[in-house]
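Next come the structures, one after another.
Heads up, the next two complexes both have chain A, just with different partners, chain B and then chain C.
After this line comes the complex of A and B, so read on.
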């Protein structure tokens, strides 16, 4: 039996629940989980003050309710599965190294910052700075996968070093800013200044976008890795047309302010 | 309120007490002689066998002023990796290399420090510097005001104004900015940088004002001496960090012609050009010169390995250092008519030849300078290392085998080219008490600090003697500030407001007339607003203002 938490009292100010992860609650019964200390604004409270807890911790954790004011859920988790039936707040899965997080609703900003492994799947939208570096760090996510079926906002994959970020909808500005390596796929429209300051890595967009003047056009081609990648995404219910799998892509290289070794691929009918 | 500290082993060099078992009595914040028999003792601390010293004094630590705030703003990662939770009495904070003001105060107190002095306050930034210092709890504060690169002074010098007028200006600046001394940073060099000069040696000429660093130093040192400012001119010399600057430093010592002078972070000014890499230690020559010239005092500015941030008014040298910024970001600022500043984060690496040799040079200086009354323990926080590394540094000085163990882990070529392994000296507790308490208090003219004699302020630190000196000095058992127990077992237990130490040298008020015209024409604020009032400092949060007497 898995552990189930449903919110009975919505918090007035954000809850910081970095201790609520499937791996940390293994072996705990409902009483023990209710007693876990979490931060409510500047006060320390317990999980039981806000959630009704049922079941026993066996590596699978379900949370229910409007969690848009609950931050740091799944931070640092290394294994297990976290299911959130509703919206969720910021810093979801920050620094996680393994396991799986699935969100039915929307997520706040800072999804999976500096994660090194594992998988985050969001059925709705996410806000800014998905899979990015914290301010002051040069390196963002170093591994793992983030799948967002809806839209994302600015600075997706900031400083990304490795891994995969997929946005089913549109992305905001500065997608892949300062990225070092890794792959970002945007199936909808991509905002401006994509790949600004990127060193290496691949940004893929299905729609034409305004390129920075520091990017240069190379050729049209159909990379084999992309076919495999898009087929895998199709099987995960991302909306991908066959012509996107077989069609050609424009390759742009940049950012020339950083040695021109990154690439942006743009689907051409 | 009468407190008795019973049975401690007292190290009080100012009164010549070297490890004597002695009781200490404190009445209403002051140390007193043994009270008459039958007096009611309100509180007795049994500290039998523990080491008792006066509260430590840091003579050179960047804890206020614009540059520290720039470092704080620039380094969110420094905050993120070192966050401090609030407790029932202390407030939250963060920062390793450039901690927040509150955290700075707590951490100093928890290490047994009760006074810290900001060495580079620009006159135009004095209000900001005092605000930050006022926000630093518990410890006493004070600042040295920066002159020698400001347009007004350089114009006076270029115009061959007489020394009395320059002294008046120096005294006026001390009063207007509520300072405790005068500091000069790269004399004339910060100004020269603005006129596109990228180096300025002792006898090179600032192209705009046609004056040399030698003239600036002499004029300022004379003014400081004539005004009776207790602390000698605090000098950050020319050519900081340049291989071969050893020569400049020796010339600087000669140039001052016997006037008192304090050479700060001298480790950065003690480099030779010998060896395959054209970088060698000049510690022996510098120490010899310091030993010979009794008018010179120094602080070391020891580097210790790890991430830190360098913050300095020396734009010329900081600009040159920005190529080595780690992480890669830096700030250089022009500060109107006064000077400038540069902030460059830096990581000292034990496997780097240069960094390892810098580390060894600092330690060589500590061990080769004979008189602990004229050498102070500093890391030039945060430039060489954060002040929280002091206990580690003390262990390096007091424990030869530990020092040699550390030496064996650093860059081999650097270790080989240093004489550190051959230096047997180990500092005693008495010498540590001199260099961290008695000597800085004497140098700054703080007559009631840094000692435990009758009448002194009851700033007292009690340690448990331990073989591992790092452990001993990191967590004192008790720290008293003005007779109140502020830290126990290395944790703050009471928050007090420290005092601000200032000076009021005499000068001819007539100088304000020409200054007024100058301010109206060139400065961003009016003269009357420029002057910092006493009640402002109190309103900012400082406990009170202590006016130290001039000689």
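After this line comes the complex of A and C, so read on.
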């Protein structure tokens, strides 16, 4: 039996609930989970003050209600499944190393910052700094997968070191900025200045975009890894047309102010 | 002519970030007005001349006059009872007052932010991300032979900035402006343009692309030949500028809000700082933001040395956390997070986004300001305070992080920001200690008993 939490009192100020993860609640009954400490603004409160808890912790955690003011959910989790039925606040899955997070609604900024493993699936939109480095940190995510079916905003994959980020909709500016390695796929329109300062890594876009003056065009080709990757995404209900799988992609290399070993692939009609 | 005239030499103007400290003020002590401000620029003259002692209560609660003590008690109760209190402003007051504001925010576990977050905050992020090759304006005076202004209009915003960086004769610049090359890079021809030897007009919003192209050229890399189409600046101009930058003896890049508040924000500042860093392979090159408010640089310094971060600092957990975008005031207000606000020497109610102002109107606001503002009008507790530099002494930082003492002209009947904030700090400390004492339990024990604080 899984653990089910539903919000009974909306918080007046943001809640920070980094202890609420499927792996940390394994073996806990509803009373024990109700007593877990969470932060309400500058006061420490308990889960029971805001949530009704049912079931027993067996590695699967369901959260229900408007969680758009609940931050740090799934932070640092290493295993299990976290399902959120509704919108969720910032810092979702920050620094997670394993397990799965599935969101039915939208997420705030900082989805999976500096994560090293695991999978985050968001059915709606996310905001800025998806899979990014925190301010002051040079390295973003070092592993794991983030799938967002809707749109994302600026600085997606900032400082990314490894892993995969997929945006089904549009992305904002500075996609893959300061990227060190890894893969970002944007199926919708990509904003400007993508790949600024990237050292290595791959950014793939299905629509033409404005390139920085420090990127240079190499060739048109159809990389095999992309076919496999797009077919895998198709099976996850991402809207991918067959011509995108078989068609050619422009390869641009950059960023020449850095190592010039990154690539941006742009689908050619 | 009145008899009771006082002259204040070496007074400091705190209007803009230049913090010129060579003012000579003539003060009519009977009327309490400054009749003349020698050496001041047009903005400084207005700053000194328009300062009068206003006839308004020193403290008000919900628009009704109260004693300062009653207002301090009410302010302390509001702040100590709040779950997500925010402190904002701080750039137009002394470092001594700023220290007290940091202490208050720490004690009440609030969120601290300064007006930096809406002006050069992106540059603060860029310093952290890229680093800063920095200097004092004295160095620029004595050494700089290439001065570049990017995205700013100092002739109108900082009229005396040129006396620090363009016109002065220095140790290695014996002929002043004749020995310097001044480059102005902006989207339009501003009143600063006549100062420039080279004027580069760039397409709006293309600063990052031009900076990136300059970086590539400095590193000897190829640049997209369509660069003129993209940025509006021909490749030959870029090449010429790069040669000048590489071959100068001491170059300086001053940048304004044309970079920080346009699309790209902290990446624009970061690109410029990275360009300065790149150029240090060839010559000595530095970069400096041209700061606006009188002591906004002091706010950055004080908040940095007290918390470790320059702005957007949260103490909810009892230790400082830095996250611009989450803990900056526009965000905490627009998201409806804040439940009380301490606003010091700033007027967010007149210049913030609508959503933020709407939320500000719904929460108790404590305001400290020398003049009546929209924020003080909507404030639950409003203090009228003395003006720094004119009525109170203290320390302010010039835009190059040089601390400068203030020499006040005449006394004000109102208390200073520092006095009010010190009293609030003492009172909130008492309230928080008594609350913890009454609770009589550690955090863990409280959680165990599920008692809400």
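Definition applied: the second predicted complex is superposed on the first by the 269 of 269 C-alpha atoms of A that agree within 3 Å, B and C clash if a C-alpha of one lies under 4 Å from a C-alpha of the other, contacts with A are read in each partner's own complex, and residues count from 1 in each chain.
As a convention for this text, contacts are C-beta pairs under 8 Å (C-beta built on N, C-alpha and C of every residue); 3 or more make two chains touch, one makes a residue touch a chain.
Note that this is a predicted model, so its numbers are computed, not measured.
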- Message: Clash or fit: chain B against chain C, after overlaying the two structures on chain A?
- Response: clash
- Message: Per the contact definition in the header, classify A:39: touching chain B only (first), chain C only (second), both, or neither.
- Response: second
- Task: Name the contact category of A:135: first (chain B only), second (chain C only), both, or neither.
- Result: both
- Could you look at A:214 and tell me whether it touches chain B, chain C, both or neither (first, second, both, neither)? second
- When both partners are placed on the shared chain, which of chain B and chain C touches more of chain A: C
- Considering only the touch criterion stated at the top, classify A:235 as touching first (chain B), second (chain C), both, or neither. neither
- Task: Return the residues of chain A at which the contacts from chain B and from chain C coincide.
- Result: 42, 134-136
- Spell out the part of chain B that touches chain A in their complex, as residue ranges. 75-78, 80, 86, 327-328
- Given the complex with chain B, which residues does chain A contribute to the contact? 42, 134-138
- Query: Hey, which residues of chain C end up touching chain A in the complex?
  - Reply: 82-85, 108-110, 125, 128-129, 208-209, 212-213, 215-216, 219, 221-224, 226-227, 230-231, 263-264, 267, 274, 315-317, 322-326, 335, 337-339, 443, 446-448, 450, 452-453
- Complex interface listing, chain A residues touching chain C: 12-14, 16, 34-35, 37, 39-46, 48-49, 69, 90, 109-110, 128-129, 134-136, 173-174, 177, 192-193, 196, 211-216, 255-257, 260
